[in-house]
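In what comes next, chain A is part of two complexes: it sits with chain B in the first one and with chain C in the second one.
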Partner chain A sequence: MASYLIRRLAMLPFVALGVTLLLFALLQLLSPEMRASLYVKDPRQLSALESVIETYHLRDPFPIQYWTWLKQILVGDLGYSETARMPVAEAIKAFFPATFELALTAFVPTLLVGIWLGTKAAVYQDRPLDHFSRFMAITGYSLPSFVLGLLLLMIFYGRFNILPPGRFSLEADLFIHSANFTPFTGFLLLDSLLNGKLWIFWDALKHLILPAATLFYNSVALLIRITRSSMLEEIHKDYVRTARAKGVEESDVINKHARKNALIPVITSSSLLLVGLLGGVVITETIFNYPGIGRWGVNAAQQLDIAGIMGFALVSATLFVLGNLAADLLYAFVDPRVRLK
Partner chain B sequence: MLKRLRKKPLSLIGLGLIVFFALVALLAPLLAPMAPNARDPYLIPQDGYTSDPTPPSSKHWFGTTEQQYDLYYGIIWGTRTAFKIGLTIISMALLVGITLGSLAGYYGGWLDEVLMRFTDIILAFPAIVLAVVIVAVLGPSLSMVVLAIALVAWPSYARLLRADILSVKQREFVLASRALGATDFWILTRRVIPNAIFPVLVVASLDIGSVVIMAAALSFLGLGAPMGYADWGQLISLSRNWILGTPQNPLQFWYTAVIPGGTIFLFVLGWNLLGDAFRDILDPRQK
Partner chain C sequence: MKKLTLTAALFLLSSCGNPQPGEPTAIKNPDTYTYLTISDLDSLDPAWSYDTASHLVIFNVYEPLLGYKGSSTEELVPVIASQVPSTTNGLISPDGLTYTFPIRPGVAFQDGTPLTPEDVKYSLMRFLLQDRAGGPSSLLLEPILGYSSTRDDRGRVMEKAFQEANSRLQVQGDNLVIEIPEPYAPLLSILATWAPSISKQWAISHGDWDGTESTWKEYNNPQKESSYLFEHMNGTGPFMLERWDKKNKEIVLLRNENYWQAPAQLRRVMIKGVNEFTTRKLMLSAGDADTISVERSQLSQLRGIPGVAIIDDLPTIIMSPVVFFTFHINPVGNPHIGSGKLDGKGVPPDFFSDVDVRKGFAYALDYEAFIQDVYQGKGTQATGCIPKTLPGHDPNAPHYNHDLKRAEEHFKQAWGGQVWEKGFHFTLTYNAGNTTRQTLCQILKVNVEKLNPRFKIDIRPVQWSTYLSASQKKMLPMFTLGWAADFPDAHNFVFPMLHSRGNYPAQQGYKNPEIDRLVEQAIAETDPGKRKELYSTILALAYQDVPHLVVLDTVDLRVQRDWVKGWYHNPVLPDSAGGGDFYPIYKDATEM
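Let's turn to the complex of A and B:
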């Protein structure tokens, strides 16, 4: 396991180098004036871009520029985002907890429902529950998040006025930013409980349900499918027949024998799930006007806030690469065949 | 293969949907004739400039969006846009993917290593994130959306083809050609690629549904088609301001979201139903 871990970790710097090179090369299509915001530390510098261009070698050859920029980002200097009106590093700190809270709220039910429904669908193949799971899967793939999100908003906000967009109501917003509220973690659901304010918890939950449901619906499809097909494969294997022949209870055969092995491909494909969630966050946050990384990235892209775009891309790539790494390690951990290769 | 498709009623529904949309796209000039003085058929005619959408009527079958763009016209010509976008993205991605994937698989060595590490880097981003970044840098427009999605889509085709070529190039008929003194180029284009390309072509053609969703998403985010262009994603984004109706009739503007949203759903559903059937046929484990 240790050597696998080392080999896998050794790849990370190369991926990081590649990702930053690609992004920086893309930016070369823009004029030095537009790229200057990447190096700005204080908004007052925005009015004196020429000196920024001079200082950071923006008219020099690519390797010099890249090296200058790389040294900057390694110490956490990511420039100034005009759409967020704050330095990029601060913007990431401000938006990330919101996105993480949303993704997690969607991820847990996705995992539970997806695995449960996928297993049931395989066990009761071609029965009503299986048909239902297929319906969920095929519509989940085909209904774009921006359509589902709008319809949910029309019904639960427009018609019933119970689940509003945004992250909190005006009263909650005022209270959260007052001296009576301590932001321990940045996760609103948790902070509200730690502060003993149930009404804030309720307020935050009401704002989370619709975007989380949108993300859930689009990502549960993948999990249902993978669990179902890998479960179908397992329950026809010899060891399952042996277990049954020995007289093991059917529920134990399914839950203890077959499902444990069937979940291995589910772990490998959890990176796909992560792509789905991260990508889904971009659109979902925009529809629901939810102040996270995704909405910030889209705003930055619409208004050509280069520092914001780069910050958004770097955060997404980092999360994605680390998520993949976690999936690979988990996979090697549960399946000894992988780490021995 | 067609025989096995016929056994799956759902795949026939999928095929039916795609044929239906293809007919709509082909017959667009008959179904929704251009206004006599219009120059570009993809620009939706406006009936006045009032901001509120109007419900379906005999004059506007599907109603109008804000600023009076006719939804029916937009949906019909938007079908052409969807096919154009989908086919262009997939052919561009396939062209790059096949070229680089076959070079990497056939020649191996440092070329393979460099190309595969490059695909690793592109695949280190969630596709939509990289597409958003590329479109933002190149300048938002529909053609840049197409280019951006093709740029993020090719690596998976390149990898798929490379893996197939690795096994095909070991087969006897390739070794025989080489023994007979055929050039690398001839072996690659006449023997190796034709025997390895089929799965990539199937996978790629069934991806049309998902690339159309991604293009619509970018248009929805305001990075794609300009205002008034017949594009489904753009039509859906026009409904964002009309989530709330009046207190008497809260769902007053339902048609602005349901009609374009339903259209794109059926289009993608068609591709996915067909894709499922093909996946079952191609995957021997699922028998």
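Let's turn to the complex of A and C:
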């Protein structure tokens, strides 16, 4: 297991390098003036782009440009985002925690419910629970997030006046920005607990419920269907029949034998799902006026904020690489054949 | 266990304190006023910012010499000055060239330092001499110095500007005396919203101009973010800046407890950028917002919501939307002009300098469809850039109508026939969240593209502050904006929209020396009849030149919670229908 882990980790820098190379190569399609914002540290420099172009060799051959840029991003200098009106690194630091909280709040129930319901649906094939799971999957797939999100918002906020949009209420907003609150991490749920303010924790959670529910409903469909089909395949295999014949209890047959093997495709799709959620969920964040990285990313793209777009792409790429790594490690955990190869 | 979980869930839901349907909603956040809008701020520097969103905040934190009396656009009241100068009270000299403003004693800045006549002079000097390109300085440069820019035609700073400003603005005891070269009727109206007082000592201590002749040129036409005043405020007004959260597009103002008049009734004012209309609407109906920015096309969705009041038919002194052509587009790193050549894949930087191109667009726009569809008929087609609420408006001024045949004729003549033969491709922009301007762009696109399959227009929303920067840098080939009155006079429309030194022509690179001359002649003209004739001539020349497309004259509307009291409409105040003057506003459910 240790050598497998080392092998996977050793691959990581090469993959990351490949990703940055690809991203930077794409950038070469733009003129040096448009790329210059990647090197700007202060908005005042935006009107003196020619000196930026010279300083950072933007008219030099590709390898020199790439090396100059790589040195910069390695020290966390990603340019200035005009959309966020702050340096890109700061923007990522500011927007990512909100998205992370939302993603996690949606992902954990998605994973638990998806695997549980998928397993049950397979075990009780064509029985009411299976029909219910099918119903959830079909509606989850077919209801776009902007319809579901608005519907939930209209019911729970518009009609019942609970679960409002945004990230926090006015009272919490004022308290968080006062001297009485220390933003230790930027993660509001965590910071509220570290500050001993349970009411802020509850306030933040209330604001997370609807966007998280929207994401949950849209994402759980996939996991239910994958788990179900994978489980159906496994429970009809010989080793399951053998286990049953040996008199192993049915719950052990399902949970310990069949499900562990059925999880491999689930791991792949759930890691991709998590990466997708962490990379920002544009529509959900926009509808709920949630200040996450996705909303920033789409603003940057719409307004051709090159530094913002690159920053966003780098975050997404890094998350994707890490997500794949996590999936690979989990494969090894559930399937010994992977680590022994 | 299951029962317990269910009970706990029900308890949590019930503890949220939601009113039952039909039950009256209690005022949420009774001492905080929340305004949801689509714009973010450009700058908080009163000498730099020249857009409604920024001016709204500046107006409520800083104070000018004079103000308007309630809803009146004619009657003025003293603010920082203790009297409104007039010939009757002797504070305006009989020849109309010397204005004396006694400065109100006992006024202090929010940091506690008392306001002095020297601060008022410094604020006016800074307003005049900072003179950023396309900024508000020309409003006072024209009347006080007699020219509209501190830089000559080649962009060189004029040495004389400091000395002239310094001699025309004089502190005499407790008074500030302004001497102007020629009589200028709207001067007092301009001083009623512009060039508010800042603390000289505070500004200097934070690295701003020290007020001397030796350094003023370093501070002329500065970068937006270069001044401390870009994001910090210290005024004498009823509110103080508590926070400007650029990331979340949110600004919070806190009541100034030591305000020289009584403190405001609202403790806080929160202005938040929420681009999604449905979210704004839901927050208004839930009582989390007190007023929201609304466009007429969205009005039907707000009717019948309990507790929400719609105030319509508010008079305006505004010309919006207007489509502007950039005559000399900045091609450097410009993503909006495609190939940058007239090859069907882009447009050359001087594409719109051909009058036939502009006329083609002018005839292609379906004005009537826009007025009917977006404004539901609430408005009439504009005849020139002077709104009908102002003297100088000419209802018979020539204007363009939707006529695709004539549009085609002009496009065929443009650039010696090359436009029709090769086509073009560029980006037409509007400020994000403004669905009215978005629809206008779409109507224009559809009509132009159906003339010739080689004509291609992309439409792109741009965030407000970025939008302003991009238009100032001449990056937008064609853009939709508007003009709201700085003071109620026709000059405030013809100058910024037609004079080569005005806000828009400076950005567009448009200049017609004859129009410039007539605009200057009209403001110096004291005979109203002759002045009207001059404006008619100007509008006729503008019709020939087509530097922009004016669309309609309309009325404004406001949507608010019915517990909002004290608000009044004055079309000269910044964003009056949504924001305006926060000082008299309070929230009270008992008066409904």
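Note that in this section the second predicted complex is superposed on the first by the 312 of 341 C-alpha atoms of A that agree within 3 Å, B and C clash if a C-alpha of one lies under 4 Å from a C-alpha of the other, contacts with A are read in each partner's own complex, and residues count from 1 in each chain.
As a working rule, contacts are C-beta pairs under 8 Å (C-beta built on N, C-alpha and C of every residue); 3 or more make two chains touch, one makes a residue touch a chain.
All of these numbers come straight from a predicted model, not from anything done at the bench.
Asks: Clash or fit: chain B and chain C on chain A?
Replies: clash
Asks: With the two structures laid over each other on chain A, which partner does A:Thr105 touch: chain B (first), chain C (second), both, or neither?
Replies: In the superposition, A:Thr105 touches no partner, neither chain B nor chain C.
Asks: Determine, under the contact definition given at the top, whether A:Val15 touches first (chain B), second (chain C), both, or neither.
Replies: first
Asks: Under the stated touch criterion, which partner chain does A:Ser192 make contact with: chain B (first), chain C (second), both, or neither?
Replies: In the superposed model, A:Ser192 contacts neither chain B nor chain C.
Asks: May I ask you to decide whether A:Arg159 touches chain B, chain C, both, or neither, giving the answer as first, second, both or neither?
Replies: Touch status of A:Arg159: both partners.
Asks: Between chain B and chain C, whom does A:Ser269 touch in the aligned arrangement: first, second, both, or neither?
Replies: In the superposed model, A:Ser269 contacts neither chain B nor chain C.
Asks: Examine A:Ser31 and indicate which partner it touches, taking first as chain B and second as chain C; both and neither are also allowed.
Replies: second
Asks: With the two structures laid over each other on chain A, which partner does A:Asn218 touch: chain B (first), chain C (second), both, or neither?
Replies: The answer is neither, since A:Asn218 touches no partner chain.
Asks: I'd like to know which partner A:Pro291 touches here: chain B for first, chain C for second, both or neither.
Replies: second
Asks: By the touch definition at the top of the document, which applies to A:Thr227: first (chain B), second (chain C), both, or neither?
Replies: neither
Asks: Quick check on my understanding: which residues of chain A belong to both its chain B contact set and its chain C contact set?
Replies: 150, 153-154, 157-159, 161, 286-287, 302, 304
Asks: Quick one: in the complex, what on chain C touches chain A?
Replies: Those residues of chain C that touch chain A are 13, 16, 18-19, 21, 25, 28-29, 32, 34, 223-226, 243, 245-248, 252, 268, 270, 274-276, 278-279, 282-283, 285-288, 332-333, 335, 432, 460-463, 465-466, 469, 473.
Asks: Which part of chain B faces chain A closely enough to touch in the complex?
Replies: 117-118, 120-122, 124-130, 132-138, 140, 209-210, 213, 216-217, 220-223, 233, 236-237, 239-240, 243-245, 250-251, 254, 257-258, 261, 264-265, 268-269, 272-273, 276, 285-286
Asks: Please give the residue numbers of chain A that touch chain C in the complex, ascending.
Replies: Residues of chain A touching chain C: 31-34, 36, 42-44, 47, 49, 82-86, 91, 94-95, 150, 153-154, 157-165, 170-171, 174, 177, 206, 286-289, 291, 299, 302-305.
Asks: Chain B touches which residues of chain A in the complex?
Replies: Residue list for chain A touching chain B: 14-15, 18-19, 21-23, 26-27, 29-30, 138-139, 141-147, 150-151, 153-155, 157-159, 161, 229, 232-233, 275, 278-279, 282-283, 286-287, 297-298, 300-302, 304, 309, 312-313, 316-317, 320-321.
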